[in-house]
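Below are two complexes that have chain A in common, paired first with chain B and then with chain C.
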Partner chain A sequence: MVSDLEMEYRAYTFRKLIIIFVFLIGIFIAAGISLSINGMDIGFWDCYNYVWNHIIGTEYELRTPEWRADYMLWNIRLPRIIMAIIVGIGLASCGVAMQSLMSNPLADPYTVGISDGACFGAVSAIVMGFTLTTALSSMGVVISAFIGGLIPAIIIIILSRIVNLTPATAILVGIALSYIFSGMETVVMTSTDADTLKAAYLWQIGTLNGATWEKCLIPAIITAVCSAFLLFSSKNLNLLVLGDESAKSLGLNVDQFRFLCMIVVSVTVAALVSYVGIIGFVGLIIPHVIRMIVGANTKFLIPASMLGGALFLLVADLISRTVVYPDELRVGLVASIIGSPIFLYIILKKKQRYGEVF
Partner chain B sequence: MEMSELESKYRQWYSKKKTITIALFIVSLGLSFGSIFIVKFTGLTPNIVWDIIVTHLNGGTYDVFYYDLIIWEYYTPRAIMCIIAGAGLAVGGAMMQTLMRNPLADPYTTGVASGASFGAALSIYLGIAIIPTGSNQMDITINAFFLSLIPTAAIVAISKRKTITPTTMILAGIAIMYVFRASTSIMTLTASPESVESLYMWNVGTVSSARWDNIWIVTITVLTSCIGLYALCSKVTIMTSGDRSARSMGVNTTVVRVACLLLIAFQTAMIVSFTGTIGFMGLVAPHVARIFVGSNLKYLVPASAVCGAFILICCDMVAKGLTSGLPVGVITSVIGGPIFIILLIKGAKKVWY
Partner chain C sequence: MHEVTLDDLEFSYSDGNLVFKNVNISIKNPQLVSIIGPNGVGKSTLIHCMNRILSPTHGTVLVDQKDVSEYKIKELAKKIGYVPYAAKDTFPMTVVDTILMGRNPHKKWNSLHEDLVIVEEVMDMMDIRPLAMKPFNELSAGQHQRVMLARGLAQEPEIILLDEPTANLDIRHQMDVIRLLKKLSVEKNIVVVMISHDLNLAAKYSDNIIMMSKGSIYSIGRPIDVITAESIKAVYDVDSDVIMREGRPFMIIKDNEFIDVEIPESCIVERTDLREHGE
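Here is the complex of A and B:
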């Protein structure tokens, strides 16, 4: 016999699963459209056909139209789509994690100063003479951004081990760190010439342009590890939202868990930022939008946010490629410009009061 | 009637706070006067600086033109600007944090800075001026002022809805901020490197653009709106207990909130359009003040104002004295940041919650 309550709970779970499934279909469609805008008149299904054939190892004769199509789709279009999905998943899930860890709805993946640290690293590298044109020197910028991004995170993590930081204080320390780094960045920026300044300034605006399979590799591995970790620890994240005291009384080692989460999130975000620059909107707003749709239970919130983030970034990238074709805007800009009105609309249409109790 | 023990304790506590605030106020005024004497210019000894100030206070002009220009036309307004901008940003921050019930809020939370930067970009990149004045600098300032009010206007427009909470209001502010920032960046993609540089420099907060002919308007705006905010602060303190309880105590929450937002936006816009975005001040000064006087706005607002003025004047002294003309916004971040972290760790166990 199944009780009414249990039935109701199953129906509730089922609804959440449907939403997640809808996001998956959305990603499939958006990726397909993105593939089929290729300037070669290859349709939606044909594109997936080519991708499938490549996966099962079909070889084409050199320089035939099929070979060219396969090369284009597999080596140029697909890495960019994969990168959009990776970054969307990573940023959105880290956003959820950070908001739970800090118990603050304004927290986002960059709250502990990772973005400003990474900018400082990248900008110093660019000013010191690394350029983004050659592979080696572009790697120099990436590494320098990654290290720069980890510095503020490491400081916060160490501080929170030495002194007992409350989440509110930890955020303030994070903001202070990000101001310190952006101040130093300004010092570096003002000491350089106008052209370098522009190059450095543009680095900060997130872009997926120039993604290759090699560049996807490291972000993919790190994001996969991070996602797996967050999915498995979603129960603990739920407990954290109740407040540290209650979480402790329910048997969670709060300090250790927070420490672990912070490390995972920081490494992931630093890696993503150093490859694609700063893509703002996703990590803050997507978790909120998804929370309004599926509720605050992290068990559903995290997977739904991942897929939502991926879908959103895919669509933003699609628009950024097509709207001023053959030129392109940057995905970070498009994400802000299309995301904000949608978000405002959702806030205004919302019937219940949101965020009263976070 | 004899005072009860509790009351005398409270009085004592209150007078201690008052003493701290007044003492810090006097120190900041002294420092700001002292900062005029920090001159990296051979020949300008403190004696001459003193002479120049005395001459001007008596209505005359000093006879060495350049000395007179530097001390009276540049450095004196600059010292005043530090006091005014510091106090204005800090009061805005304190009110905003309490109003939004979030320790991360600052006067720029509603998107003022991004609007201002967008306005400046319109003028620098595209040469569009809302009110063409013929002067480049003036065009930028006017653009920045008007456009920085747009995000707040949008927030005020949506804040009347019943379903809006402080959290959604901040999030809406951030969303609008993203739009403005992205629009600025889109213009940046195609702009010439030189104009990107000048926009970047405009954005970095600096007080060196203060002159006698712009300081008065900033001063009047900031003073008026600070007085207005102080008058509202008992109501805002009540509102921290939640909108419903505040309404049951007779506070018209919507009106108070809109009035506060408008006052904050107005003074912040004025400050930003003349100084650029001096980050960190509006966030940190209230928190530092909170460490000393607690979270009751009646004490927090004056204490924040004094703290803000004090911090900005100190940073400007460092900028003038120790560096070769770094903007004060950099100093507030690079020096203020670590000090703030130390304060947070040492003193602030229960600063916020």
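Here is the complex of A and C:
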């Protein structure tokens, strides 16, 4: 027999699933709008029609308008949209994970110094002679940024095993490492010429421009693995909410779980940063905004944040492409400029406080 | 029948600061045991060693004749439940989600129905059913405490450790909680070990009491043997009279240094809504 509590709980779960479904529809609409702003006068549904026809293997005669439309949508617009979705999912889910792991609302995917490490890696590669013009040298920058991003994360992960860092201390160590890498990056940047300095500086501001199917592959695989792991671990992330002692007494090996999560999050964030640069806001703020909507249970918070992050980045990218057309703003800038005021409005409008922050 | 044995237990912090040593205790059979003692003598540290939140620097903790360090962490969580003194609420969930966490050691992929039946049962026991869908951080301190107790009970442990379970509760709920713990020990064969600062509550309801003083156990036994004016003076440095009430010791504090001075009329606190109009 189903009790009143079970009916209430199932209704509560259903409401969360509806919200998640609404985010999915939002992504479908935003991606469709993004595809349809293409300079070729192809409408919303026609764009999806071209994409579907490409998937089922329809081929067009070379150089015809249909062939051009298919080529442009499939090879230029769609990879960028997919990259926005991948990065949004990855950063937002890693943000939720870091906030739960650190029991700290100020934690984000870059808390352990990944962004400054990656910047140092990328800037060093650019200054040492890699340019962003060829595929090989571009991969050199990506690899260098990935390794640079992982260094501070690995230092913190090792330290937390050796000297048993508390989450708060780990955050402080992350800040200290960020300063070190930021300082070294400045040293490298100030020792180069103006053109290289500009290239190095621009790399740091996140962009989805130049996304291709090849570039999407590795971030997609890593984000898929990370997302599956975090969705599977949502129950354990919930246990950490009431503190380590409580989690241990409920059968969670806290140190081992935190260690494993840190590795997964660090590899994912370092990979994303190395491909698209630094995109702030998504990993810190999206989890907070989504928490206000679906609550703090990570079983719903993680999937909703993934979709919320993807939707936000799609909209930010759409704005970055259209607001100064035919030029383009960088999505990292748009995310901060439009995201922060919206977030401030939500905080100030919210009368009810939910946790330490809201 | 369950058994907890602490054998020559010692705990020091990494800087060498000794918390306690030579702790030898055996708790056999279901019963309610209270740990009492002044602040800072290591009561919480002792129960943290019992459920492996902390590792003792020397000695062993045996649960049903098996060293706790040899249990898989989930198996241990099925045996020993723990109710902390205060819970963090950085990212508060609903009350029902918080209590459902207690089912973690028993959870299977399709056990939601069974888990919710148990959760509803413990919520009724703790008189918090109407709070089910409320966020944890919107509760009063006493309601927090009852939710954490419900979570501990949802764990269905054989041994439950509680760090000041009656702190923050009004006298009605203090009585309800401690009666419930006593009932659980008898009806569900659970060993209940709780830390308490209320000596009279501990004396009234406990089967046995462990009195800790700085760095060690001062005395262990039945309330009548442990709660004496001499032991209270030795451990707390407080003068008291201990009288017998309903077959249990009852402590009355004596404070010879307290000077009761009558305050002037102007200092009196009164209800203003009962004043006559125009007064």
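Basically, the second predicted complex is superposed on the first by the 354 of 358 C-alpha atoms of A that agree within 3 Å, B and C clash if a C-alpha of one lies under 4 Å from a C-alpha of the other, contacts with A are read in each partner's own complex, and residues count from 1 in each chain.
Keep this in mind: a contact is a pair of C-beta atoms (placed from the backbone, for glycine too) under 8 Å apart; a residue touches a chain by one contact, two chains touch by 3 or more.
Here the structure is a predicted model, which is why all the values come from computation and not from measurement.
Participant: So if we stack both complexes on chain A, do chain B and chain C clash, or do they fit?
Facilitator: fit
Participant: Please indicate which partner A:253 is in contact with in the superposed arrangement: first for chain B, second for chain C, both, or neither.
Facilitator: second
Participant: Considering only touches as defined above, state whether A:64 meets chain B (first), chain C (second), both or neither.
Facilitator: Neither partner.
Participant: Give the label of whichever partner, chain B or chain C, reaches more residues of chain A.
Facilitator: Counted on chain A, the partner with more touching residues turns out to be B.
Participant: Would you check which partner chain A:187 touches, where first means chain B only, second means chain C only, and both and neither mean what they say?
Facilitator: The first partner, chain B, only.
Participant: Using the superposed model, give me the angle at chain A's CA centre between the CA centres of chain B and chain C, as a multiple of 10 °.
Facilitator: 70
Participant: So, does A:241 touch the first partner chain B, the second partner chain C, both, or neither?
Facilitator: The second partner, chain C, only.
Participant: So in the superposed three-chain picture, is A:104 touching just chain B, just chain C, both, or none of them (first/second/both/neither)?
Facilitator: both
Participant: After the superposition on A, what does A:212 contact: first (chain B), second (chain C), both or neither?
Facilitator: neither
Participant: Just to confirm the value: shortest Cα separation between chain B and chain C in the superposed three-chain model, in whole Å.
Facilitator: In the combined three-chain model, chain B comes within 9 Å of chain C at the C-alpha level.
Participant: Across the two complexes, what residues of chain A are contacted by chain B and by chain C?
Facilitator: Correct list for chain A: 104-105, 353-356.
Participant: If we count contacts the way the header does, which residues on chain A are in touch with chain C in the complex?
Facilitator: Those in contact with chain C are residues 2-6, 8-9, 12, 99-100, 103-105, 235, 238-239, 241-243, 245-246, 248-253, 291, 295-297, 353-356.
Participant: Once bound in the complex, which stretches of chain B touch chain A?
Facilitator: 102-104, 158, 161-168, 170-172, 174-176, 178-179, 181-183, 185-186, 188-189, 191, 193-194, 196-197, 200-201, 204, 279-280, 283-284, 287, 326-327, 329-334, 336-338, 340-341, 344-345, 348, 351-353
Participant: Taking the complex as given, what residues does chain C use to touch chain A?
Facilitator: Its residues touching chain A are 48, 51-53, 73-74, 76-78, 80-82, 84, 87-94, 96-98, 101-102, 104-105, 107, 112-113, 116-117, 119-120, 123, 129, 132-133, 135, 137, 155.
Participant: Help me check something: in the complex, which residues belonging to chain A touch chain B?
Facilitator: Result: residues 104-106, 159, 163, 165-166, 168-169, 171-173, 175-177, 179-180, 182-184, 186-187, 189-190, 193-195, 197-198, 201-202, 205, 280-281, 284-285, 288, 329-330, 332-334, 336-337, 339-341, 343-344, 347-348, 350-356, 358 of chain A touch chain B.
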